[in-house]
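The following pair of complexes shares a single chain, subunit A, combined with subunit B in the former and subunit C in the latter.
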Partner chain A sequence: MTIDTADGVEAVGVAPAADPGFLQRHGTTIEYILIPGAALVGALAVFGVFVALFGKNPLDLYFYMYQGAFGTWFSWQNTLTRAAPLILTALCTALPAQLGMVIIGGEGALLIGALAATGAALALPSMPPLVVQLAMVCAGMIGGGLWIMLSGGLRQYRGVNETISSLLLVYIALAILNHLVEGVMRDPASLNKPSTREIGAANMIGSIPGTDVHWGLVFGLIAAVASYILIYHTVFGFAARVAGGNIRAAKIVGLGVGKLIMTICFLAGASAGLAGMVEVAAVQGRTNANLAAGYGFTGILVAFLARQNPLAIIPVAVLLGGISASGGLLQRRLGLPDASVQVLQGIIFAFVLASDALYGRIGFLKGKS
Partner chain B sequence: MDFGRISRRHLLQGGAALTLGSALGARSALAADTTIGFIYVGSRDDYGYNQAHAQGAAALKKMSGLKIVEEEKVAETDAVEKTMESMINLDGATLLFPTSFGYYNPHMIKMANKFPKLHFEHCGGLWSEKDPTNAGSYFGYIDEAQYISGIVAGYTSKTGKLGFVAAKPIPQVLRNINAFTLGARLANPKATTQVIFTGDWSMPVKEAEATNSLIDQGVDVLTCHVDGPKTMVENAARRGAMVCGYHVNQSPLAPKAYLTGAEWNWEALYPKFVKMIAAGESIPNFYRGGLKEEIVKVSPYGEAVSAEARKHADDVKAKLTAGDYTIFKGPITDNKGKAVIASGTDRGQKDPELEKMDYLVEGVIGATS
Partner chain C sequence: MADGTIGLWTVPLAVFGGAIRVSTPFLFVSLGECITERSGRINLGLEGTLVMGAMSAYGISYLTGSPWLGVLAAGLAGSLLGALHAGICSLPRVNDIAVGIALMLFGTGLAFYLGKPLIEPTAPRLPAIDFGWWSDIAQVRAALRINVLFLIGVVLAPVLYWAFRTTRWGLLIRTAGESSDAARAMGYSVLAIRLKATMVGGFLAGIGGSFLSLFYPGSWNEGLSSGQGITAVALVIFARWDPMLCLWASLAFGGAAALGPALQSVGITSGYYLFNAAPYILTLAIMIITCSPKRTLTGAPAELSITR
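Take a look at the complex of A and B:
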């Protein structure tokens, strides 16, 4: 969407006499909707063929996918519940991407955020719930933020590739979590499933009134919109995008690249850490190995499908939430294995990446030049 | 055979009612009398924990008037809550079997409170008075079958060194290791069991490494307690070692190396549960049993098992099946020399102390932490 203005200027600049039609004026915006949409339809068509090869009716497939993801009010809530953590973990990849960094360690920040949030709640046993919840939010965000800052710092000051370091830090985070949960933080009563003590029913943040969807969805929406404003409508965001475009040019014009990297990495980790806090405070009620459910890794997929745009993350997360929500119905009604959902995700990913080549090449959307 | 049908209003809410879909959806939902949902944490053909439950579900499929819906690879997060709700809302399930340990609290408890008219049966949980009465937990004393495996292993091993690939040092696993070792020492008082903990329920790479490392140390009979014994069984057989199986019968994977194994007998228990409900009886909320109650069983002996071993094992099995044999009978010392069960103390299978086991008996090489 950023290139929107650039293209517009170009179109007007090159052919000032011609009055560009609606399609031409909004060409780039339309492209951003049309191309991923077409990629999605293409992926679904290929998946239909794949399913047909196994002797299942593709029309049944589409119907059940629709029914399981969006067909009933229950399905909608199912979809949104699954989308909530994905919005937050996707931001963990999308924000550093503005700086040209590929961070894939959102899962680690989520786990550390969950641990920190649980620690905060357990350290404040007799405080009013609102205080505990605020402390959990802060602890989760700081914990996750510092975790991804480690990757950012290693990249900026030690020259370590941030993709590798953030991925490896996931395993370290999981080891720390297991170590604490099976060691000093273990609730002695959790015999066969080592867990921390529960944070207490009063401290749970509960659901959005009238729904089953927890507050993580609202946190995710706020974080996504705030990130969008930060990146596209502030000087800080502009500086980040300049540094992402050409880091040497950014240094020459005097931008503090190190500070940008550390700040963005902190914010990225903070949103994944918040996802971890929500998993504890809205779902599990305590920390144990169940938290490593892969939300951090699915978030990477969401961020790439959304082309690292914080606002586009929202519909993409809902879409992937819907695919995962409908996966159960595909298993139950069509007898497809669980892996079929991963196949579909893979096909969508391949189509969206391939469709990148189409931007700026659709004739009827371009101005005459 | 109707367990109290829930309203299908949920199905009609939302968009599906307005689309071509509703007719199709309603038709399939009304097709069977009673719908039972099974939820697995892993793949249902894993030759292990999940397959054992799937075999139980398959036994129900043979009964008339039942419709079985299954979903595999469901994470121990709110995903399982949504899967249960989806089975209830979209499939009309009235009895649910969420079979993984981590599904119990808070997830299944939450659903049992939300749907008080439906039945929930959980494998492995510890139901207590504060839990809802429409929820139940069942489990088997599979250490009885491990004890028999131990006897067979003790006779078969030439080196007297047995190996145990274990997931985590939690009470259920320790109890199996200890029972296996106590059984082996009936046959060969000098036998030792070297244990390796992999750290998690499904770690195929570590399981293979542990298997190889045990065999390198001279171990010639192995068993395990992980979700999928397939890796251990196949690797051990390839290296020329003998194996005792776990969860289900793995003899098809290694016909020559398979001695015997500790198996679940869900295909006997689940039809029993359904018949009890149909007859209007209530299933005890806390349901336990071993060989006597037909909740666990021992795999048929492989060709490598000697006549002497068969005789001894059959003899103990008969006593366990009759219910007049105690495995954890004092004096028992742990592998650090401390007396854990005093002389003259019999810890019968239902003794709650055994549920808190945190030691390895004499003869086990390894540590719980």
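Take a look at the complex of A and C:
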């Protein structure tokens, strides 16, 4: 979480030149790609050993994972459809991380955002679709935003640890969702799976032309780029990073830490709430317990793997979206349980965190500073 | 009363019985986490440990026919996850909270993966002691069927309280938690102390999980734990890192969690899901009331990252 990341991202596509100073000058950037990459490879290797213990061929595993994630146009579309909510929920962890806060309640904000968006759509029955969709976006973002702002406010004004409070709020959000979906918001026609009424086909946000990938992906890309600009190219973002680096220094130079925390937490929650809106308006068409599909939790992993950098979140979300998209194929072809994706995610997460110890220790990348 | 029906008394009775039944996992996880946190580290992964413990206990009990071997296996699985947590955390610059989140994912994923074939079969369950033999009323007898693990937990709390105060090990754990420099100056390895503390914590949390699958609700499925592990971690903060307070807090939480099913049993079904969320709401409310932004919590180990 240093300032080097800001100029580092531009160098991503640059091929290594023969320039002897290259490794030194871009050492930090290379580290940010090399170390998580190595962690990912290590995790895949361990997962290969794990499935080999159960008598499956690891090479088959890697082949089907690639096939299921990026092998065909169909699997690419599946991957991107899953990446869209992951980008948004990852921002819910990455934005507060700039302030040194660990928020893991994206799943709760997603559920509340979905509920709010559905409520908005059902409250505007005969409006033109564009109005309804705008209202859904606003409702979803405000709902999710307030939900995470609650965690931020509790941290700032009551000293309640935000990690635990945001996680508790996930379970509370799920209870509220179940309560409303089985109660006042229930569609009497939904017998087996209690759900709200459908928001209507006209109000669905649909797919990007020429693909089956819904517009939520564009929402995610916009949110990620906007967050990047906010964090690295505005005074507000600079202030946030100062406060994240040293809270006392921030107070000494007169930054309003409370306001920073509340705003960032609102934006973070709004992002996850938007993910909920997208899942309703592009995939489910209604709100029910299906929405608690774990996107919020995978988003935490995406944020950590991307080292909390909003732009890096995009490729990482695609990668993790690909892993979860390949789960179905692994189940059908290799007979692996559906939880294998979760096991792999856990292993990746552990490797990525352990790899934190490597930064600044790779000899040939050390700068002369 | 004579006809054996007790009307609305069912509710407090069911809450009482539920408090004892439901609190046991809370009790074991919170006592385990208490040991880990006293040594200066927080293990948020106990949610995963709990589920992993539940799965291992059920599997071993099914394979061997002995539920007590299942309990032991659950404890061992828990301490392995604890060792993994401590191992990753002992690397420089690794955030223990984040490792906990990773192990939460990993533990639940692994348990679901390995536990897939265990959803169908029935494993031998843990026995209960019938303390309600004197009563003719079925509900009273049901409420007083108490599992041995609960009694072990009840004994463990004062033992830990005493051990923290007076034994050499208790002092070492507290020293590591209050000032790693002091522990190092005395010639002890802080990392080794925390490794052991996290493993013991994982052992207890695993046993808490075995209670879920082997006694109440008493089967293995993927919806077995819904945040009890994480609630128990929050409960330790509320209990001010005091094992005795962990016991009382666990009982209160168990009672809160039993409220929803108890009300449902007398026909009050509206708000069922909200009552089910009572433990989480209660945890949050208590944290809001007891925390303060101006001072660190009394009793908090100084090395603990979560209270800074």
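In this text, the second predicted complex is superposed on the first by the 347 of 369 C-alpha atoms of A that agree within 3 Å, B and C clash if a C-alpha of one lies under 4 Å from a C-alpha of the other, contacts with A are read in each partner's own complex, and residues count from 1 in each chain.
Just so it is clear, contacts are C-beta pairs under 8 Å (C-beta built on N, C-alpha and C of every residue); 3 or more make two chains touch, one makes a residue touch a chain.
Remember, predicted model here, so these are calculated numbers, not experimental data.
Colleague: Have a look at subunit B and subunit C on subunit A after the superposition and call it: clash or fit.
Modeller: clash
Colleague: Using the touch definition from the top, say if A:Asn192 reaches subunit B (first), subunit C (second), both or neither.
Modeller: After superposing on A, A:Asn192 lies in contact with subunit B but is clear of subunit C.
Colleague: Between subunit B (first) and subunit C (second), which, if any, makes contact with A:Arg158: first, second, both or neither?
Modeller: A:Arg158 sits against subunit C, while subunit B stays out of touch.
Colleague: Between subunit B (first) and subunit C (second), which, if any, makes contact with A:Phe349: first, second, both or neither?
Modeller: After superposition on chain A, A:Phe349 lies in contact with subunit C alone.
Colleague: Using the touch definition from the top, say if A:Asn178 reaches subunit B (first), subunit C (second), both or neither.
Modeller: A:Asn178: touches subunit B and subunit C.
Colleague: When the two structures are overlaid on chain A, which partner does A:Tyr66 contact: first (subunit B), second (subunit C), both, or neither?
Modeller: It touches subunit B, and subunit C stays clear.
Colleague: According to the stated criteria, A:Gly273 is in contact with first (subunit B), second (subunit C), both, or neither; which is it?
Modeller: Neither partner.
Colleague: Does subunit B (first) or subunit C (second) touch A:Ala357, or do both, or does neither?
Modeller: After superposition on chain A, A:Ala357 lies in contact with subunit C alone.
Colleague: Return first, second, both or neither, reflecting whether A:Leu329 touches subunit B, subunit C, both chains, or no partner chain.
Modeller: first
Colleague: Looking at A:Val283 after the superposition, I want to know if it touches subunit B, subunit C, both of them or none. Which is it: first, second, both, neither?
Modeller: Touch partner of A:Val283: subunit B, not subunit C.
Colleague: For the combined three-chain arrangement, which segment of subunit C clashes with subunit B: 115-123, 169-177, 277-285 or 295-303?
Modeller: So the stretch of subunit C that bumps into subunit B is 115-123.
Colleague: Shared contact residues on subunit A for subunit B and subunit C?
Modeller: Touching subunit B in the first complex and subunit C in the second, residues 178, 182, 337-338 of subunit A appear in both lists.
Colleague: Taking the touch rule as given, give the residues of subunit C at its contact with subunit A in the complex, in rising order.
Modeller: Result: residues 44, 48, 84, 88, 91-95, 97-99, 101-103, 105-113, 116, 222, 226-227, 230-231, 233-234, 237, 270-274, 276-277, 280-281, 283-284, 287-288, 291-294, 306-307 of subunit C touch subunit A.
Colleague: Under the definition above, what is the set of subunit A residues touching subunit B in their complex?
Modeller: Residues 63, 66-68, 70-76, 78, 81-82, 178, 182, 191-194, 212, 214, 279, 283-285, 288-291, 293-294, 324-325, 328-329, 331-333, 337-338 of subunit A touch subunit B in their complex.
Colleague: In their shared complex, at which residues does subunit A touch subunit C?
Modeller: The touching residues are 102, 104, 154, 156-161, 163-165, 167-172, 174-176, 178-179, 182-183, 297, 300-301, 304, 336-347, 349-350, 352-354, 356-357, 359.
Colleague: Could you pull out which subunit B residues touch subunit A in their complex?
Modeller: Against subunit A, subunit B makes touches at 10-16, 19-21, 24-25, 28, 43, 69-79, 82-83, 85-87, 89-91, 101-102, 106, 124, 126, 168, 170-172, 199-200, 355-356, 369.
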